[in-house]
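Structure provided below as structure tokens; questions to follow.
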Amino acid sequence: MAEPQVDVKWSMVVDIDKCTGCQACVVACQSENNVPISTQELYDQRRQMTWIRVERYWEGDFPDVKARYIPIMCQHCDTAPCEPVCPVFATYHNNEGLNVQVYNRCVGTRYCANNCPYQVRFFNFWEPVWPDSLKNQLNPDVTVRSRGIMEKCSFCVQRLRRSERDAAQNGDDRPADDAFDPSHGAFAPACVRACPTDALVFGDANNPNSRVASLAHSDRRYHLLEHLGTEPNVIYLKKIDPEAGDGNHE
Amino acid sequence: METTSSESNGHNGHHRHMPEIGEYTAQVANEEIRAWFGAPGSWHGKALFVAGALLVAGIVAFVIRASSDGFDERGPWAYYAAGFAFLLTTVGSAPLVSVALRMSKAHWRRGLSRLSELFAISSIFMLIVYIPLPFMLPVVDDRPSLWINWHGHAPHIYDSMLLVTTVLCGLAILLIGARPDFAALKHETKGIRRWYYSIIGGNWKGTKKEWQRLRAAQGVLGGLYFMMLIFTQLIVSSDYALALIPGWKDSIYPAFYSLTGLQGALAVTLIAMFWVRRTGLQRYISLDQFWGLAKLLLATSLLWFYFWWSGFFVFWYGRSVAEVGVLEYMIKGAYLAPFLGAIAFSFFVPCFFFLIWNPIRKSIRGPAIAATIVMLGIMFSRVREYVAAFSIPKGMVGSTHIEGILGTNTPDAIDILLLLGILGGSAFFYLVALRIFPAVNIWEQREFTLLRKVRPYFKRYAVVLGKPD
Amino acid sequence: MRPDRKLLLLSLPVVLIGGLVATIIGGFVIWRVAAHYFYPLELIAKAAPTQPIRFTHVTHAGQLGIDCTFCHRTVTEERTAGIPAVQQCMFCHAVIKGVEEDKASEIAKLQEYAANDEPIDWIRVHRLPDHVQFTHEVHIRRLPEVLGLGEDFQIQAVCSTCHGKIWEMEEVRQVRALKMGDCVDCHRANNAPTDCVICHY
Amino acid sequence: MQERREKTESQINTDLLSAMLDNHLWFWIVLAGLGLVILAGAAAAGYMFDRGLGVTGLNRPVFWGFFITNFVFWVGISHAGVMLSAILRLAQAEWRRPATRAAEVLTIFSLATALIFPLLHTGRPWRVFYWVGLPILPYDLSRGIFQNVRSALLWDPSAIFTYLTSSTLFVFIALVPDLAVARDRTTGWRRALYATLALGFRGNARQWRLQAIAGILLSALILPVFVSVHSIVSWDFAAAVSVEGWHQTIFAPYFVIGAVHSGVSGVVTAMILMAWLFKWQDYIRPEHFDALGRLLIVVATAWFYFFFIEFSFGLFSQEPSEIALRQTQVFGQPWGWMYLTFIMASYFIPVPLWMFRRVRRSLVLMFWTTILVNIGMWLERFLIIVPSLMRKQGLTFVWGDYNPSPIEVLLVAASFAVVLGGVLLFSKIFPLIPIYDAKEGKYIEAEIQVGRRTVPAVIREE
């Protein structure tokens, strides 16, 4: 009767070693998710939105300086600090391991954003404006957020839903795991599809055969700000670099 | 308005009765207190014997522990440290009662101020107990600390200095407050008493200037004692308990510790009042004093829960790895039993079974029983914090969080003997002090008789209390 | 003064707190009842708009019995049901010019659109807010089972669950509130997922 | 003793009702001035609703700024009411008498003002009903989804509404005898109003007894609420594991004692204003400020102790991001000079001054020192909220700063005008010094003779 209760746990692996800091993921995310254009004015106000951002740190002193990149998006924590603090349940954890933001329920207290250690939650200070030329480019599968509410990376849940529908139409219980391998093609979040170096891998961590599950057991794995015990669903893989410092970046 | 017009027709024609307020003259007070002081009764000798026996047992236990385990490891000394911390929050803080009540000008303090100040003598014993502890404290190089690293020994030096200063300050308050009494008594005694009465009493004549100086000294020393004690508790608790448990960054803990210090001071004063009152001096250590302290004990017990909850709540809601580790170690794990004991005996039982009911508060026995229960609760608290801290293996101190649940540390016979010795020792010192100083401040009682008057008030009599500022 | 007023002072807190509680509980009950029985559909479902062409479902879906999915082609595959292209109308109306005067004139309009290669500016009747991601495909797939229609069924029976008897409407209008409460009630009743992120993303 | 002037009961009535019944020109001028500020604030709020929160200086990562600072500040001020009335009433402190009503009224108006700010600062204020409307009703109509009881932001409105209700009751109970006095001395609409509110109070023994019992009961019942309100406000911050500067176990008592510090100072300021404006020097006397000053020394020192622990424990575990935060607070500009101002204004200037009896008894000095305390305490909240958010966690890439916009400044100014105007209007309708309390105080005043000196005394209340 019911929609089959799919026992999945969506998860992403970010291989820092492969990231070149090219920002393709940022652009892909921007256009997939109707994220408002980050204008110079918004940057000056510190109100620009990028659901995924590539942080850049410098290591060493000139001229022996190295740039380190780390892409950061919503970590979809299993014990997310943002969830219990929302007074109206606008953000919560669903049974697929997603940290969900419900736009229509949000009243905009911004408490969740304060309580997010990764600073990946964004507030619509202004009504978003698109130039006329871009209005038809908006993704119809994604809500265009109005002012006064929070938003953040959703792991492209609209693509997840579509893949589930496609699977169901074919009579499958769940989307085939192959489908999440970008090289095979059917489905992955926009950033994963856009990454030219395959630094981002997405899939079902509960499926032992998935790529994500095997990468997640790498001995290079770590979580961002692990000491907070947020148990993120985004797993980072350390850089393989003998010269890499111990994290004392500028 | 017709509020009081009907009552204003004076005090004639109606039956009057004198209120039972224990009116007494300065003469009576002087004689009674001196008589008790001169001969407190045979109970004193017996009590002194029991306390002395416990002290000796404790010393024996100390020697056994020292010879078998040495001072290199903290673990074996965990209960000893808990005993010291217990002393610091009970007898070590007790003079605070007198200081605080004098600051707030509570007229009923006069019956109990000396009894609370006498605990300064017991604090000397606390200092003796403290002696081995600095040697067990790790240097600050590899652990969190409030101290700027100073050859790694900042906490050892400052902890010791603060403790000594606090105890000296408490003794100074006791001695200065005793001067007028000793000056008055020195002419009536002989031998060793006369000798030290003369030294302490000095050439006190009771001039206006001397009284002004006495009050000024009491004010300054009181303020100093208050600050020194709170600061000592802050430093000792954070160095000896907080800093040793990985991940336990709990900023309310020092304040919580000081609060239990206040609670313990009230409790231990109440217990002393109860036992002294059983052997006399009922006129001065009366219902007023018990009632007053019981209210404060209720307030501190309620605050106990508030402070504990404030600390617990933030950890529980925060759920960071370190916080979960500390909670699992100290609440869910090995220290669950002491924790439950602490919450029951420091807060739940004394509050809801005793102190919240005014008839019980306004009695002699009720507050005394509640105080005894509170003492038990404080002991459980100290065991929970200090034994937990001292049980952390050496290598783990300074790591960011507790990994795995550590083994329990149940007390063995030596530990229990050590604790009993610490209790007995402080009681022994107090009992000795009772023979050196009059148990009730004679001059304060005389002052009180001047400031308290009974007057007709409309149709009745009322007590009028003078409040000079 | 009357002695009964003396008690007023002490009873005041009781009265006030009791009144507050009563107000809240009373308000709650009234609210729930109103939500179920007096939901103001008229406020949500406005009167049927006048469309650019007086297309009638009564003729097409009713008298001719054309399957809904014949025109709304994407309904079984996509989120949207889809409005037929002008060319699709012309499958038939290239030939069928209409007999009665009023119908012929409407068909003539259609042919003019087709001749000019212009889309028809239909006025949307069933409009959900932007933050609702409703998917027709899932509902078409699941509803026959929910409604217990068995193997052989008319698609009209499925669509009418939400859209009413379109085939009897001269002008299409909304017949259900189609507010979130409406959706959630149905989902709950039929054990469908009520996870927020099913519809809101 | 020369401070106490003998007054007859009818003189007391006349004096204390004068603020209500006499017409002063300055009153209407001040009220109009405050009204203008409030109008400007309302216009600013309207503009903000229209354009969105972009018109404020908030940004990422500083999502909370002036509004929440102001919210905490006013909740803090509101703690004076209960602190003075309930605790001092239970402790039978004699000098509370002229201060209680002013403190309670300040509580009500500052609490109501504080409540506005969290609502103003939401992104979609028109949907705020979902949040604070009535926590037992579900969203909208039939969705059956309730608010999140795990969120401190839900406990906040509950605690504040409870506190507001109980303080209003508290004020009302204490007002009843005074309303009866006012009823007997007025005509027209005022008489009708007072007669209704006085509930038929005639001053017989039973009524007095009931009024006293109600007062004591409410005092005891309101105390837990009083402690809970600011504790919960503090947990809005302390619960946040991600903001190190906030995640401190000491926050609850630290906030409560800080609230009492700023609240009692606020009451002193208000009492001095009352004494000046309404010429009540005979009732609000230096001895009251002496006692309040001594109380303030204790409260301020206790607050400073908590502040010291809070600050030093930021450095306790020596984590780099916490040290960065403390560096920003203390050395980074412009926070550094704010920090200096805060610590000087709220402790190191006033407390040493209050040590002197002459300062405590000087209305002018007490006025300025207590104003200073509240400037400091406003900055304290600001310095807790903003720098902590600026230096949140170790991801230095997203550290930022904050500049308040004129809109925020205007709204903060308007909040001060609302509270002042509210208290002023109250003084026009109700007596601001409890008349019956002033009379009662007279009956238990006494003197005793000790040797050659006359010592003031009180008859012990049983």
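Letters are used for the chains, namely A, B, C and D, taken in the order the chains are written, and counting of residues starts over at 1 for each.
We adopt the following convention: contacts are C-beta pairs under 8 Å (C-beta built on N, C-alpha and C of every residue); 3 or more make two chains touch, one makes a residue touch a chain.
Remember, it's a predicted structure, so these values are computed and weren't measured experimentally.
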Chain at the geometric heart of the assembly (C-alpha centres): D
Which of A-D and A-B has more C-beta pairs touching across its chains: A-D
Centre-to-centre distance between subunit D and subunit A (centres being mean Cα positions), rounded to whole Å: 44
Gap in Å, rounded to a whole number, between the CA centres of subunit B and subunit A: 57
Computed distance of Cα centres, subunit D from subunit C, in Å: 52
Mean-CA-position distance for subunit C and subunit B (Å): 74
Overlap residues in subunit D, where contacts from two or more other chains coincide: 202, 204, 239, 241
Set of subunit B residues in contact with two or more other chains: 317, 319-320, 323
Per-residue overlap in subunit A, given as positions that touch at least 2 other chains: 81, 84, 105, 228
Interchain contacts, given as pairs of chains that touch: A-B, A-C, A-D, B-D, C-D
Complex contacts: residues of subunit C adjacent to subunit D: 1-2, 5-10, 12-13, 16, 20, 24, 27-28, 31-32, 34-36, 39, 179-181, 184-185
Touching residues (chain side subunit C, partner subunit A) in the complex: 77, 79, 129-133, 135, 137-138, 141-142, 145-146, 190-193, 195-198, 200-201
Complex contact set, residues of subunit D against subunit A: 51-54, 56, 58-61, 63-64, 118, 121-124, 127-128, 130-131, 139, 145-148, 150-154, 236, 239-243, 389, 392-398, 400
Residue numbers on subunit A that touch subunit C, as the complex places them: 1-3, 92, 94-95, 98, 100, 102-105, 141-144, 154, 157-158, 161, 165, 168-169
Subunit A-facing residues of subunit B, complex: 317, 319-324, 400-401
